Each structure stands twice: as C-alpha cells, then as structure tokens.
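Quick one: the structure is below, questions incoming.
Each chain carries a letter (A, B, C and D) given by its place in the written order, and its residues are counted from 1.
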Amino acid sequence: MYTQADKRCPLTQLVAHIHNGDCLAIGGGLSWREPMAALRELIRQGIKDLKLVGSAHGIDVDLLCGAGSVASSAESYVGFEQDFGMALNYRRACETGAVKVEDNCCYTLVQQLRAAIQGLPFMPIRSVQGTDFLKLHPEFKTITCPFSGEQLVLVPALKPDVALIHAHYADEHGNLHIDGPPVADILFAKASKKVIVTVEEIIPHQELANKGVTIPYFYVTAICEVPYGAHPTSCYPRYAYDREHTKHYYQSAKSGGDNFRDNYLNPYIYDCKDHASYLNLIGGQVRLNRLEHWNSDIDQWMQLYE
Amino acid sequence: MNKATKITSCTLGELMIYQIALSIEDGILAFHGFGSPLVQLALHLAKRNHAPNLVLVAGATYGINPTPAFLTPTTNDFAMNRDAECHLSIEELFDLAASGRLGRMFLSGLQIDRWGNMNVTRLGDDDRLTLKLPGGGGGCNLSSDADHVTIWTAAHRTHADDLGRRRYRLVNRCDFVTSVGHRTAEGLPRSSMPYRGRGPDCIVTDLGIFGFNAEGHAELRFTYPDTNLELIAESTEFEFPVAANLSTAALPEPDLIECIRRLDPLKIHERELSQDDRGRTFELDGA
Amino acid sequence: MYTQADKRCPLTQLVAHIHNGDCLAIGGGLSWREPMAALRELIRQGIKDLKLVGSAHGIDVDLLCGAGSVASSAESYVGFEQDFGMALNYRRACETGAVKVEDNCCYTLVQQLRAAIQGLPFMPIRSVQGTDFLKLHPEFKTITCPFSGEQLVLVPALKPDVALIHAHYADEHGNLHIDGPPVADILFAKASKKVIVTVEEIIPHQELANKGVTIPYFYVTAICEVPYGAHPTSCYPRYAYDREHTKHYYQSAKSGGDNFRDNYLNPYIYDCKDHASYLNLIGGQVRLNRLEHWNSDIDQWMQLYE
Amino acid sequence: MNKATKITSCTLGELMIYQIALSIEDGILAFHGFGSPLVQLALHLAKRNHAPNLVLVAGATYGINPTPAFLTPTTNDFAMNRDAECHLSIEELFDLAASGRLGRMFLSGLQIDRWGNMNVTRLGDDDRLTLKLPGGGGGCNLSSDADHVTIWTAAHRTHADDLGRRRYRLVNRCDFVTSVGHRTAEGLPRSSMPYRGRGPDCIVTDLGIFGFNAEGHAELRFTYPDTNLELIAESTEFEFPVAANLSTAALPEPDLIECIRRLDPLKIHERELSQDDRGRTFELDGA
C-alpha cells in the first residue's frame, strides 16, 4: 500500500528501487511504450543479475541483455517481428549461457500473476502440458481435477520484485493513465511488490481523473516525469515508433557484442549523463517533432516505416 | 494503386494470404497474434470477403475489428488498431481461448513436425542450445485452447548444401515442442489431453497446402501452379500421405488481390518470403 | 459468440430468452441499475423456477420472490439495507421453503464466475472454510495445496444460463456502455451462456465508442431500448432511486403475500400491458422529471431520501 | 448546522462512530461494505482526522476516497461516490483482500459469539429455518482475508420478556457461522486455517467495547458513561473476561462531532440505533 501524497522523484532515484538480482517485470510490449529511459538509467547504474518476466518484448530486453544486466529471461517472446527479426543481443546472451533461458507463455504468465494478485499459491491452466515448457519450468505441477477428472497444470504465483512501467500521465499521488493497450501493465502493477513508473507528463488529479485512472495510486511506489521516456519505442498518440533509430540499434547489435558496446551502449547510454543528453544525441527536437507528427497525414506516417 | 490496371496475376504472398483466409470461418472469434503479416492480411481479407461477422482480434493491441491505416512491420502500433470497435485486454483474449471461444488461431514454427507440433523456442539438445529463437508468445497456450489452428510457413522450400544436406522446416522431430499439434511432446495422442481445441487442420506453405488426416498426420491436399508432389516431398523431412483428390490450390479473384494490395501498401508481408519467392507470380484463370 | 449486425428486439422477445428453471444472474446491485422493467415483463410472462445467483441485491430479487418466480437463491445479500431493512417477500419465500436457500458470498461468486470465464472446472479460494457455507454448498471441495501445504477450497465454475442486465447505452451491434459501478455485470456477461440487455438508449456506434465500451458486443445476445428500465432503482446519472415508490412497494410487501399481490403485483405488473403503462402508473413524466433532476441542487437531491 | 452553537454533548451514534474510527489505522486500505452507516461515517471521520492516508473504499460503488454529498440510506448511490479519486471493481477489492492488502474490514451480525463468529444468514436449526436474514455479502470471505476486523452492533442491549427470557445479540452459539472469528464453525482455532487475516480485534456495541484476548475470546475493555459491567453482562449470553484496566470509553472532540453531523445531515446512521438509544447523549468533558 503506497499512500504518500507526493510520489515524484528524480529518475536516478526511481531506478534505484531496482536491486541486483531482482525479478523485474517490464511494461509495454514489442515496440510500444517500453520504459526505455528508465532502462538506460538502470544500465548506467550498473544494476545486474535481473530475472526478467514478461510477454512479448523487443528492444527493451535485447538492450538489457546487450548491457549484461540480465541473469535469466522468462519472457514469452523477444524479437523484432518482421521488422528486423531476431533480437541479436538476447540471442547471443542466451546462446553463451550468460542468460538462462526460462521462456514462458503469455497465458501462463497471466495466470501466475493472477495467482499473486489473488493471494493464491497457484492458478490452474489446461494448456502447457504436452509441450516442452514443463522441462523449462519444473516448478509447475499437475493434478487430477477433483471435479472433472481431467489433468490440469498448476502454475505457481509470480510476484515480481519490481514492475517498471512507462505511462502517458500520472498525478502526484501516483494514479496512472495509459492510453491504448495496457498489455500486461495492470497485471504487473497489481502483482508486483514495487511499481515504479516514468510518465510523459504529470498532470493535476482532476485532469487525470477525466482521462480515466488505469492504475490506482496505491499500487504505485514512485513516479518520475520523463517526456519521450519510451523512445525509440512508440508512445502513441504522443509519438510514433522510431524505426530509423531502431535500425541503427539493430545494425550495431548485428556487428557483434563488442561493436554493440562501442557503437551503441557507449554513445547512447554510458556517455549520456541523462535523458536530455540522449534526446539530443538521437536528433533532438527535430527528430522528435517528426515522430510526434505521425498523425498529420498518412503518407508521412507511412514514411516512418520505410 | 491504379484501378485502371487490370489484375491478371497474383504473387505467392497473395496466394498464401488468400489460402489462409479461406481457413477462416464466418462468425468466429480469431486472433492474429504478432509478427505475422500474412495472417494479419488474411484476417482482414476474410472479414471483407466471406466472413463479415468475424470477430477479428488484432494481435498485440487486442483491438477488435480495426481498419488499419496500413500494415506496419511491428504489430503493437496504432496504425494497426485504427477505429477498433472495442478492445480486449491480454487476459480477456486468453480467457476467451481457454473457455473455448477462440475459433481459430494461426501459428508458425522454425520446425514443424508431421503432427503439427512446432518449435519457435530453441534449436539444439536439452543440454546444448545452438540457436535461441524468439519464443512463442502465447502460441503454446493457444495451440491447446483455440478450437482450430491454421499453421503457416513461408520457408518450406529447402536447398541442399554442397554435401546434399538440408535444413528442413517440416521436420521429423522438433528439438523443442513450443506448441502442440496432434501428438504431445511425449507422443501421446491429442485426445488424451484436456485441451479445449481440436488442433491444426491445415498447413499453408510456400509450396502447397496440407490438411491433417484422421490420425492427425499432415496430408498433402494442394499444390501450387508451379509446384508438385516431388518438389514438396524433397523439401519435407518426413514422409506424408497424399489426399486422393490432390489438386492445385485456387487463386484469389482480382478484387481480393486488390484488397490485399490496398491493405499493405508498404508490402510488409513480403518480408516473410525469401528473396526468390518474392518473384513468384501466378496467372489468373481469366487473364 | 453473438455476431449478428442488429441485436435489437422488443422487450417481450428479449425476456423470452429466459426459460423456466434457468439459472439467472441479475445485473446491478442494491438500489442501483436493476433491470426492473425486464423483471416485470418476466413476471408477466409467467417464467418460473428460476435459480438466482448474484451478489448484493434488493427489490429485484424480492419482487421475483413475491411473484413466485424463484426456485432457489444463491445471492449473497437480499435486503433494503438501513433504508427499509429486510426483504419481506424474499424472507417469506425462504421461510416457507418455496425458495431454497443457497446463499453464497461475493468473492466465492466472483471466483466461480472466473472459473467459467477461464474455462476451468474450478477456482481456488482461501476463505469460506471454517464457516457454515460449506453446508449450503456441498459441491465445494477442499484440497491440500501441492505448493504450500495449506488447505484450500475449490469452488466449481458457475455458468449462468442467462445474464440480465440494464445498461445506459448500447449500439445496434450490442456493444454496451455502463456509467458508474458495473458491480458484477462484466463478470456475468463473460460467464453466462446468454446475455440479454435493456438500455436507456441505443446510440450510434461512434458515440458509444467515445463513451467507452464496457462490454464488447460479441458477448451480448439481444438488446432492447427501455428508457427508465431500472425504475424504481437508480440509473445515475440519468435518474435517481425512487425511494417513495420503493416505500410503497415495501409497505405492500409488509402487509402479507396476498396483499402484496393485490396492492402491488396486480396494479404495477399484471394490469400493466407494458413498460409505458407502468411509467404512467408510477406518476408519469412528472415523477420521472423529479428523479432526473437529482443534480439540480443538493437539497432537492436530499429530499428524494426523506 | 449553526457553527455558533457550541457542541457540549455527543449522541450514542456519534460515540460509536468515533470508537469505530479509532480502530482504523492510517495508511491502510479499508472498505465499508453496504448497509452500515455507522461504519461509513467512521471511515470518513478517520480519513479527515487521524488517518489522512487511509485508502477508503466505498462499499457497493467501490469508489476510492469519495467525498459523499450526504449519507444516503442505500449505499450504491452516486451521492456516496461523489468525487471518488479512482475506482475498483468488485473483483479487485476482493483480490486485494485475498492477497493480504485489505487492512481492516467491518462486520456485524444478528448473532455474535465470544470468538467473534457471526451469523447474518439464518436463524433456526439446519433442518428448520425460523428466520431468513439478508445474508452476509462478502463478509464470509473478508472475515478470513482482511488483516483486521472491527465488529460492531447497535443492538447489544437485550430486554427480558415477561418470562425473563432474552433474545441475545451476543450469543453462546451462532445458529449459522456466516463470518469467522477466532474459532471456526467446527471449533478449530483460527490459526489452523490458511487465512490471510488475523481476525477481529474489537467489538464496538451500544453498551461498550470488547477487545479479544490471546485465546481469541472477547474481553470487555470499555464501558460508556451510562453503562457498566453488570448491565453489559446482563445483555451478553456468554461470560467474558474483563480487562484489568477497564475504563470508560473516550468521547469525540467537538470538531469531530461536527464533522459527523456535516457528513450525515439526514441522520441516516440513527436508523441503526433503537428508538431508545437515539435519545442517549453524553456530556463532553469540557462542557
């Protein structure tokens, strides 16, 4: 129960809620609303040995793998879809054994989070049995259903240490508004021990209430206003996905782990003292304007993908 | 696209989209997941064609019946979700599947076996990971829960290397079973499991179309105008039965082809195809 | 999956989806947004032997009990709070044995509906054990949790035959918008085999989408526009609770079953050929105006409760 | 209310509201359920007084931290929900309880036993129902899940009939256990159950206030200015221990009384009191 009146704090302090070895749930999904600024700060702070849980992710998890912050991944998907394909840092880290592969499936994750949210040791599920996921998750158990006689899988409660989310709006009390698909963020917020949030903008409560409270304040540990905090992923309707930057990212990753460090991690993270420096480096307001004006006409929007 | 240009041929991608669309029944709820432009287009094509009452759930956004501005290369994008009639949450979509209300799901794999089991998790033995794949999203759950599954792959064709070895897509055995078909990872029949769904009923590939026989084994049902049984057998690691009425798959009508081209002005779906396959075209009957 | 383009039908036809002996989940709660017009039509149609399930209810369940439509009640509460106290028709029907008492608890109901929604035979729960509800519900089972060793109760899936809901708005396709607390309506809509809905107003889809879709169309079997369909319960912000009429109702019930028939059921239900006749009888537009203008000033609002 | 009028006394209802409010810790999440005006007022009083960080969940509407226009006789009313900061759904409130995050719940009963078990379901044997009560809402679940429970009743006092018989509220045995206290229906100690919560820690009545001792047995801790041990014992079917420091319960300060009167202009809370009890007033110390 987080009930303090004013939850604002600087980004450095927000991210310091994450500790080495924590189980971390990252909000958003694929190229949508990833808490990228917070992840860059996490890397700058040298936080390590994270156990990642989540559904379908991309650059966020790949970046953490490329920076050596991850001990294990129980994401259900990490990649760049038909855009760039495989997540190369992630793949390398899994194949060298640096990251332990504990892949999970979306609904299994949902049920495990629900168990935590409902204070139950487990939730039942029909699927998963018959696949090889049971080998990756020896903690799953099977029972014969006392009602139907069917064999069901019981998946244990999952209570991440920290949920890290990027939202559109918060008020000072920590009420959040997310525009568009919340993906698993609401589940993460309810299931996790701590919920830390970057937002595009902190606004007065009444304004937030009019938009609608997606996540009530008492789940939220701390918030920080970080405009463009999802870049290079999208935060529609405020700004679109920066495919050009992501392409640069991908090509840096493709050239090998050392090159990735030299060409991406160093300039965009370690050598940036803060988020403002990063925004300058990626092209400043000119570039951001272009992403913000995705909606001015459809051809311009399409050009962002070419 | 210039409407005056008469459409006289379709591409392989368009044929595959059409064939995937044909597997979609009207009035069901279906979900296209992410990273699957061929399937995304097939669902929108079906909705605009023979399945107006389809409840189309867009992957990643979980928007229902959107009219995408254009197909984007990454799925969780507002362009894909434009004018959605309403929305589900991630848990609601999967609940609908688990309660038997997802009529059809679309799954693919880097390895696909004769029973429709698939692997998108990892290559290599249990002890030695040789290639980490992106993972299956919710495919594992949905392969059990969805009433029917359409399997597709645009990489069926294999090429022998200098030593005559091939890396098959349609394999004897999956290194890891990410999603289940008609036999479990342990070799048990699907019917021994308390799954809601009835498993895969077709595999649409770049070379032809399989159904599944009564035993749950993939069975070749259609070739394409430029493929034949021998070619398909050569690219398939396992042996397979052939339907008595093996025939050539139907090609889409010009208005459907036009619809696909309108939906995907950036030609995102071609990214699923090999460079060579992007050049394959088929003359339409009336051409 | 209900996917027809136009789900509108007359109230008589809507209510005819309910059959004798059905398990019926009634939406709303207490004096808020009860589908009263549909219930009156249900009584006129002589539908009987209903098995009621729900959380906290009042006049809706009491009225059905008074009309002899109910075989059993698994509601968690049936009463008039500190307003009028006990629900007298309900009490009589339970005490004579006409209605079988199968009281349930709110969270138990939630978990049973969730089991149906998730296609599971049961859901686990910690509570209930140690109380006498297990006597009323021999279908509940207990297990030793294979993870924690604790004893848990497993409550079976509950899939009502029909959910009957009164909402503010629908579009023709059946998408619903509910303003204010949905109570258990969303759970009912997802868990039930059929979902039939009266609404204050049917509006174009885009208008509904702007308000927000509370329940997606494909869950909804049929809809009917019935303005003031919740009277005498409230349907804020459109109209307040009609305490005066409810008092009249309560006093009729207090004077015994036969008197209730003569003084309430006959005039307000059996002798009203339709909802319009009922609205005339309760005071017509003059009375409805008063209930609609609850928000004009706070004293006038308070007067509704005196 | 005329602010110029100095408040020199409080009513029984105001005393009970104040005492219930004192049981509410700051910074917790608490829920007032429905049909409980004394508790509703206690929560709003606590929030405005010593517990500003209370997460106040309004019963029936599940609104958080509303500022009611006025107290209404039925709980699921917009007046009760005015300006709520945000909202829960029914399932979210109960999930919060089940996961150990509901700090305190407030429960009552037509029968309350020495262990804090209560009955609001039915009177009579298993075989013969003599009185059907309205039922417990979610009380059964919350009595197990809420961290702490405050029990209250405004009908502790009993009157002997012509034959000297009394219908007790605080009884030896509940005909039906709707919500559980420190012993289960089967007589097992609460600790033998995997409940999240620690059970009731006080009973605020129209005659005095009980705590619970280490065994989980109700123990008298406070009388009121117009009650005493004998009177309370007479109205209580079971025998009970008495705290060593038995004393008179504190009365609310004038500003708190004013606050209550402002919150409940229709005096809805008096409906919980007997006709006689509505006339009980207590002079404030400073008067």
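Rule of thumb we're sticking to: a contact is a pair of C-beta atoms (placed from the backbone, for glycine too) under 8 Å apart; a residue touches a chain by one contact, two chains touch by 3 or more.
Treat the numbers as computed from the prediction; the structure is a model and nothing was measured.
Looking at the partners of chain B and chain C together, the chains they share are A. Path length between chain A and chain C in the touching-chain graph (shortest route): 1.
Compared on C-beta pairs in contact, A-D and C-D come out with C-D as the pair having more.
Chain centres here are Cα means. That of chain A falls 44 Å from that of chain D.
Measuring from the averaged C-alpha position of chain B to that of chain D gives a distance of 60 Å. Separating the CA-averaged centres of chain A and chain B is a span of 28 Å.
Chain C has residues 119-120, 125-126, 145, 148, 150, 152 in contact with two or more other chains. The set of chain D residues that touch two or more partner chains comprises 87, 98, 145, 196.
Across the complex, chain A is touched by residues 34-37, 60-63, 69-70, 72-79, 81, 87, 89-91, 94, 97-98, 121-122, 126, 129-145, 176-180, 184-186, 188, 190, 193-196, 265-266, 268, 271-272 of chain B. On the chain A side of its complex with chain C, the touching residues are 119-126, 141, 143, 145-148, 150, 152, 154, 156, 212.
Residue ranges on chain C touching chain D, taken from their complex, read 29-32, 55-56, 58, 75-83, 86-87, 90-91, 94-95, 97, 101, 103, 105-108, 110, 114, 125-133, 135, 145, 148, 150-152, 180-184, 186-187, 234, 236-237, 240-241, 243, 294, 298, 301-302, 305-306. Considering their complex, residues 27-29, 53-55, 64, 85-88, 92, 95, 98-101, 103, 145, 196 of chain B touch chain C.
Chain contact summary for the complex, chain C toward chain B: residues 1, 3-5, 116-120, 173, 175, 190, 205, 209, 213, 216-218.
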